[in-house]
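Paired with chain B in one complex and with chain C in the other, chain A is shared by the two complexes that follow.
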Partner chain A sequence: MWMSKTWLVQAFFIFITTESIGKLLDPCGHISPESPVIQLGSNFTAVCVLKEKCMDNFHVNANYIVWKINHFTVPKEQYAILNRTASSVTFTNITALSVQLTCNILTFGQIEQNVYGITVISGLPPEKPKNLNCIVYEGKKMMCQWDPGRETYLETNFTLKSEWATEKFADCQTKRATPTTCIVDYSPVYFVNIEVWVEAENALGKVSSNHINFDPVDKVKPSPPRNLSVSNSEELSSILKLSWINPNIKSVIRLKYNIQYRIKDASTWNQIPPEDTSTTRSSFTVQDLQPFTEYVFRMRCMKEDGKGFWSDWSEEASGITYEDRPSKAPSFWYKIDPSHTNGYRSVQLIWKTLSPFETNGRILDYEVTLTRWKSRLQNYTVNDTKLTVNLTNDRYIATLTARNLVGKSDPSVLTIPACDFQATRPVMDLKAFPKDNKLWVEWTAPNESVRKYILEWCVLSDKLPCILDWQQEDGTTHRTYLRGNLVESKCYLITVTPVYADGPGRPESIKAYLKQAPPSQGPMVRTKKVGKNEAVLEWDQLPVDVQNGFIRNYTIFYKTIIGNETAVNVDSSHTEYTLSSLTSDTLYMVRMVAYTDEGGKDGPEFTFTTPKFAQGEIEAIVVPVCLAILFTTLLGVLFCFNKRDLIKKHIWPNVPDPSKSHIAQWSPPTPPRHNFNSKDQMYSDGNFTDVSVVEIEPNDKKPLPDDLKSLDLFRKEKSGTEGHSSGIGGSSCMSSSRPSISSGDENESAQNTSSTVQYSTVVHSGYRHQVPSVQVFSRSESTQPLLDSEERPEDLQLIDNVDSGDNILPRQQYFKQNCSQQETSPDISQFERSKPASAVSEEDFVRHRQQQISDMVQSSGSGQLKGFQEVSAADAFGPGVEGQGERFETVGVAAVIDEGMPKSYLPQTVRQGGYVPQ
Partner chain B sequence: MDLRAGDSWGMLACLCTVLWHLPAVPALNRTGDPGPGPSIQKTYDLTRYLEHQLRSLAGTYLNYLGPPFNEPDFNPPRLGAETLPRATVNLEVWRSLNDKLRLTQNYEAYSHLLCYLRGLNRQAATAELRRSLAHFCTSLQGLLGSIAGVMAALGHPLPQPLPGTEPAWAPGPAHSDFLQKMDDFWLLKELQTWLWRSAKDFNRLKKKVQPPAAAVTLHLEAHGF
Partner chain C sequence: MMKILAAGVVPLLLVLHWKPGAGSPLPINPVNATCNTHHPCPSNLMSQIRSQLAQLNGTANALFILYYTAQGEPFPNNLDKLCGPNVTDFPPFHANGTEKVRLVELYRIVAYLGTALGNITRDQKTLNPTAHSLHSKLNATADTLRGLLSNVLCRLCSKYHVAHVDVAYGPDTSGKDVFQKKKLGCQLLGKYKQVMAVLAQAF
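Coming up: the complex of A and B.
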């Protein structure tokens, strides 16, 4: 315990002494090598050797050595104990450029005590310098430079060495700031070859570049020529003479030159062909220059054979070529004031100033001459570029020349045609298009030779007047661009006028844009007319000021509030468009976009509502309806008017006018008007005792012959049938006013004849030429069937031997016999059948029927009777089925048919509820 | 006398150095390809260059010497400069010289003149003048090397400097200051004359070496006509 304490104190003491006054003391050992420089990436071994004294003092040996690198302990694996006093450490592949390596001993109590320390520096050996080259500045020393190669991380010295075959020159040591160049101490001797190389050296090695051997005169960079001066020549306006002082080296070597020049304001240099300046000289004349132009010159020189370097450029010198007469006639044109005053017209002659390279000097003035045919010249001298003169209406020739100090330009000649001159022969296929930010105009020349073309242009605008600018082109030109300050998205109206020897041709115009842009305003669309399903939109053409280009087309966008937008393209020539297939009673929003080549611009949105009904739709419904009602009413009225009798009859019965009636004949013992046989007479006498016949004479006597005819027929029939046919039937058929005849039929039973009482027969004139019907009113006092029924018994009699159920057949036959001439259409029955049983009186109905039938009688053809017969038969069959009405009708028909010929009416109706013989 | 002896030894040493380095002269090593033509041309150019150099150097140096040496029409008698190699020679004699002799004379003359010039350099007062003289010396040494190269190219051996024929004349304190200046004057004058003569020599030599080709060309041209 005591011992350890003692050691601790001792160690502390040693530590203090070594730390504070260590430098005064001998170190305990040392490291070998002392200050190593090693190559990067190589291995390195250091050995620490302890001194015996220290080993004794601290009771340590080589095993106690601890290596530290940059204050970090080196792993034991890298140590090697060489002997009792020496320990080595080995590092492989050193990458650090500089490390602190210390050797320490571990003393009592694990206290590390520093013994020795070294700094290990690493780097790379120098690379062989490359691209060694030297330059000899005239009058100065030689400078050489080279490429040093890779970085060595060590202090590397470059030494430029040079020698003659017979003598070595002093080395040239590089300066630290410029390790790759060196300026030798001596002036090199021309024409004696020198050998030069460079040596690079550092702690890790020494390497020298390839040797170069050259004559310093071949590496010369001369001083630039001095005192360059420029002078012009009054004789020749296209030349300038340069002179200069050559550098001193000219006395030793021959030189060649580069001479460059430019127009003062230009930026690019022109070079005189080098072959013209390939020999030593001190002056040079530059040719082919423009008159009255300031040129700037500079030059440089080098050794004639091209070995060495070009000198720097000399200082610039400038000179102005002498004036020459203007090289070109000015552009010349005129404008005529449209207002005429008593035979004179005001003509403004205008011309353009020549460009600086055409004036060849300062323009002093312009000379204008005006010549009228066969009259003297008028001369004007003008400083301005326009001249206004009053000319007569004749043809004039104007010439213009520009004058400078040296002379006059060629004249520009212009023919001002007479007042009545009619311009023709325009240019053809005039086109204008932008290209390369210029507005080009192209045309096809007329067939005739053109002296020149005049191009005029101005900005088309609604707000500003057209301010013309113009330019002149040669007669051979057919394509040019407008030389003016053109603005984008402005419409230019370009006019091309060919000018012939005898005056100007007809101008041609075209519109063009330098660059189009979308319109600055969109078109304002509005509705012209709105229909139920369509709307007519209209808009105005955009003003030229907002078009900014050629309007190529329009697009109309329209939509409902909820619906998708629909687009319609419209040609730019339109100002109206009809939107169709719209929904009625809907709010539509419509806007319109006008497109130029560069894009479109939409105008304000316009809303409109389609109406519920189309215009006139209501009218279209109402008017026809009203018309229909009116027409129907009219028809009704007409019908009523037509059928007023019927109506009248229906409403109030036809009451015969008693005042117009008269009893034509009252003859109880009817005198036979015809030649009846005795039998008849006998019968008639007996039969007609109770019958009174009232004959109402119709006004019209026509029926009479018919009557007679029918009477004949009747007679024949009678003779044929020989008493089988009923006289009453005949009378009913004939419906004539001859009941007496029939009644006088011989074979009738007394019952029949006695039971039939003819009340009266009324004959009256027909309404409106209608066949007057003879109405026979019969009154029966008996209980026997009425008139119609009276026939039946006869029929029955006839068919008695046949089937009683088939009783209709005889009647048909009867009809056939009696009414063979009469044919009725089957329609009748149909009509009748379809006709519901009406409550009309028998008379009405019968009359109606009569009329119809009479119509049909005329229209129907033969052979149809059969149908009628069948129908009739059916009718006859179905009293129970069809009702009494039907029954009655059939009877009616029979009656009517019978009645047909005599055109008289004999009502032989059967009362309903009355007895119907079957 | 000590100094003079030292100077002689110096001159000898510099001659020996020149001789020692002769084999390293490029012209010697490339005898084959371009022939002696280019090196003769170069030597001629160098003489012209030295002439030009000397003209400015002489002007400066004579101004340094002061009047009457810097006067244009100063033409003193050649006193005390007998040891300087004379450039002036009878035209007939000069024409009769062969190439070897001509080159040898040039070589020997410049060897001597260079040694004298080095002595002149040491006496020069101003740094600028010393620099000019040093450069001229270097250039003259280059000329010597060039001549050696041409001689080697033409296959002539270099003259061996005889131990006893060291230049008797050398600038030294033995002369009075004026005479010293006179020696300097004559040195520059002789140098100038030698450079003139050398230019003529090498021009002649150049023409002599080039003719064959020129003759052929001429012959061909004549043939063509």
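Coming up: the complex of A and C.
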């Protein structure tokens, strides 16, 4: 009751609503056509017709119509006013698939109001379906498929139509998900031709495919044969019999078959010749199979005449052929232990298991027999593949057979030669090369008949021992590949041994790689010798474990820090190389790359620096230079020695010898020696007060023989006043001051230096033993020679000649002593440089010598000697003890003559009687 | 006019579109009329007819066995009594006749058997609804008979220009009891097996 009321309310509401909308949505016009579907690229015209009622209400007519397409106003040029109420719009070459076309009016002249709208759909008519074909799955209904043709952009229906000559079948409508296939809903009837075609239809047209007419039995795809089984035969180990159940269609049609088989672990199928299986059957016997081998079979079928389709493959079935005796003798070889004991040798017989194709069954054991010449047989039954026996050094014949359930294999015979057998006749032209991922070995057979070949190989390694693997080849073989688990980048040492009837031949070996690779490490290069412009590099051969291939060559790359890298190729047989044209004193970086056929690998970088000089180059420079210096020095010395007089004249000032002066000649005779003491007394310490010392720079330590001679002469004459040189004598011959004594030869030099030498005038005392009241040292500003004798060296020479006979030896001794002293006491020389006493008058040196002697008597020791030397040097300028008065007296007289007016002279070193001998 | 229609087009359509239990036996009155086929008959039509006869003959015994087995006792053990080929009004066949005669007689036999198998199939779906194998076999045989009929007609029409053949139909079993239905069906299939062997040899 409650439900019926609710229903009534709902119905009333719907009625009211419908009536209201009908009035409310009453349009002012309409567009014709209502739902147009047009062909892409074609023209289209639409007409909008206004209702009179609206025209009156809004005061409009067809001129007020505005067309819009997808909300955009259509240009007026496309409009056409048909009459007062109708306006049309035309579009050309429409390309849009779907557009919204609206008719609008401008109410009151300006307010746009929509009147009506339509959707214009564009597309293409269907193309003629092509490649229609049908298939009849056995036990199922027929399915047909076709190519629909181009895209129509419209909803297109495909209908599969079929009929017999006398009957039509219901249409097969495609499903939306599979518009190109259709499965008819009736069972196929064989042996009745059926005609099939497809009709494609959409809003723009309808088109049919070509009709195909066929007997459904010629379109059958049978079900595969089922229950396939395989059975073997004990009588024949090479056959297997197949049995199966044919598909049900076999009651209707005749069948043919495809039968395929393969060994269980193989991947490729072998097929029974089709002509053998071209008729209907339910069994087949497969022949020429391997004994004791598991085979897998599969099969399929189709209509015998080839019309229709092959069935799917049947399920696989497998069977094992029956056993047969081993078809081949096992590979047989031996190894001899090199150690001999008591006339026996240990021989290990080894053999290979036969392949499954050769065993023809399960191998139960192996039988080995050993026969020595005229000896009984030794039989062994072995389950393993090796047998170690102790044999004498004689020749043996070994045979081997493999045994299975059915029988024995043919025997494999091997001759083990006597101990003293010399193997000869090797194979020739042995080669090994990789090909097709296998390592092939090829050789030229010897001239003699070979029973078989034994190939042995192992991996060469620096770390692991050579573990041999081997295989046997027939005597007719001269090319094979190694049937082992070879790995890439390993060096294999392959040995081929021909085996003759009387024993093995001489083995030949070769190295090979299955596949080369770049080396794992590069060579470590180092320098063997580095020169100024070249360097000898050396390296070690790469270990075989890292070579990964045959080292074909090396490349040495070297460069400086800033230079480009230079590459040098080196043959692989070398282990050292000399880099030439290098720059000296340069850092070089060098690395080395080793190449196999597959690439290279560089080693660590090595640096070295070329030296600045080549070996011996320094010696070649220094030695000649030193020799040149030495030679020059010698020449200089010789020159100086030869020209010493000339040199002396340039070095030492020409000191006039007072003893050779005219004054000396006319001066009163020297008091006799016995009066010397009285003079000493007369000129005691207190009398000889001040001495003027002129310091001069010594620039040559050469002895001055002439001066010394003159001095010596002077000393002889003044022996009574020995030990005092006078202040004049203290002025060195090197001094710029003109000394009071000078040799006659230095006349010229004296004149040369006269401009700079200031003569000292010593006013010692009064003339002729008169003691002056005041001791005055007067400096003479005269540049004139002191005496005439200085300008007459012959006078001095004369004196020299007179004294030379007595004074040669002492003078020599003096020089000798003086030199030795200089040598033993460098301080002395230093002192002499600071105190120009070394080059002073001979008188000073005589005193010096005498003082040395006296002091040596009194004291000893180097320190004293040093102090003595200093003192003695100073003493040379200090007041004398004896004879000084006379000497200075003489000089003082000369000074008085030269200088009429003696000048006061301030001595540079004044020792007021300041010398006290120690 | 009505007579012609009843004797020509309508029986032909009925034959071509029979359904189990449709129609009733019509008088056999073949006449020469214009043949209208949808498309030309294949050239190997007689071969197809032979193949169809062989197909039917090859499956007839299995169908017969399947049928009486499906009916259960007493049929399997009383085949001679219950399933003997004692069918009245079964169209005759003269194997030594001309091809045209043989084809016309074949047409009548196939039309008769088709109608009878239709009735049997209808009855078995009621009597043995779970005997799907039997149903499938009956349907497949009926389909084959339809195809054979089409081929024969096409041959008669295309070669002998026979557009109409009067056919007779088997007894209507709709009013009979279950056993009678089973028995009539078994007898018909026995006859079917027998006649198919003859027909297969005759062509």
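Heads up, the rule we're going with is that the second predicted complex is superposed on the first by the 478 of 918 C-alpha atoms of A that agree within 3 Å, B and C clash if a C-alpha of one lies under 4 Å from a C-alpha of the other, contacts with A are read in each partner's own complex, and residues count from 1 in each chain.
In this section, contacts are C-beta pairs under 8 Å (C-beta built on N, C-alpha and C of every residue); 3 or more make two chains touch, one makes a residue touch a chain.
On a predicted model such as this, the values are computed, not experimentally measured, just so you know.
Trainee: Which term applies to chain B and chain C once both are placed on chain A by superposition, clash or fit?
Mentor: clash
Trainee: Chain A residues in contact: does chain B have more, or chain C?
Mentor: In the superposed model, C touches more residues of chain A.
Trainee: Identify the partner contact of A:234: answer first if only chain B is touched, second if only chain C is, both if each is, neither if none is.
Mentor: neither
Trainee: Classify the contacts of A:265 with the two partner chains as first (chain B alone), second (chain C alone), both, or neither.
Mentor: So A:265 meets neither chain B nor chain C here.
Trainee: Overlap of the chain B and chain C footprints on chain A, residue-wise?
Mentor: 164-167, 186-187, 189-193, 213, 215, 217, 251-252.
Trainee: Provide the residue numbers of chain B that touch chain A in the complex, in ascending order.
Mentor: Touching chain A: residues 17-18, 21-22, 24-26, 28, 42-43, 45-46, 48-49, 52, 134-135, 138-139, 141-146, 148-149 of chain B.
Trainee: Under the touch definition given earlier, write down the residues of chain C that touch chain A in their complex.
Mentor: Checking each residue of chain C against chain A gives 16-17, 37-42, 44, 48-49, 51-52, 55, 58-59, 139-140, 143-144, 146-148, 150-151, 153-154, 157.
Trainee: Given the complex with chain B, which residues does chain A contribute to the contact?
Mentor: Result: residues 164-167, 186-187, 189-193, 213, 215, 217, 251-252 of chain A touch chain B.
Trainee: Touching residues of chain A toward chain C in the complex: what are they?
Mentor: 163-168, 186-187, 189-193, 195, 211, 213, 215, 217, 251-252
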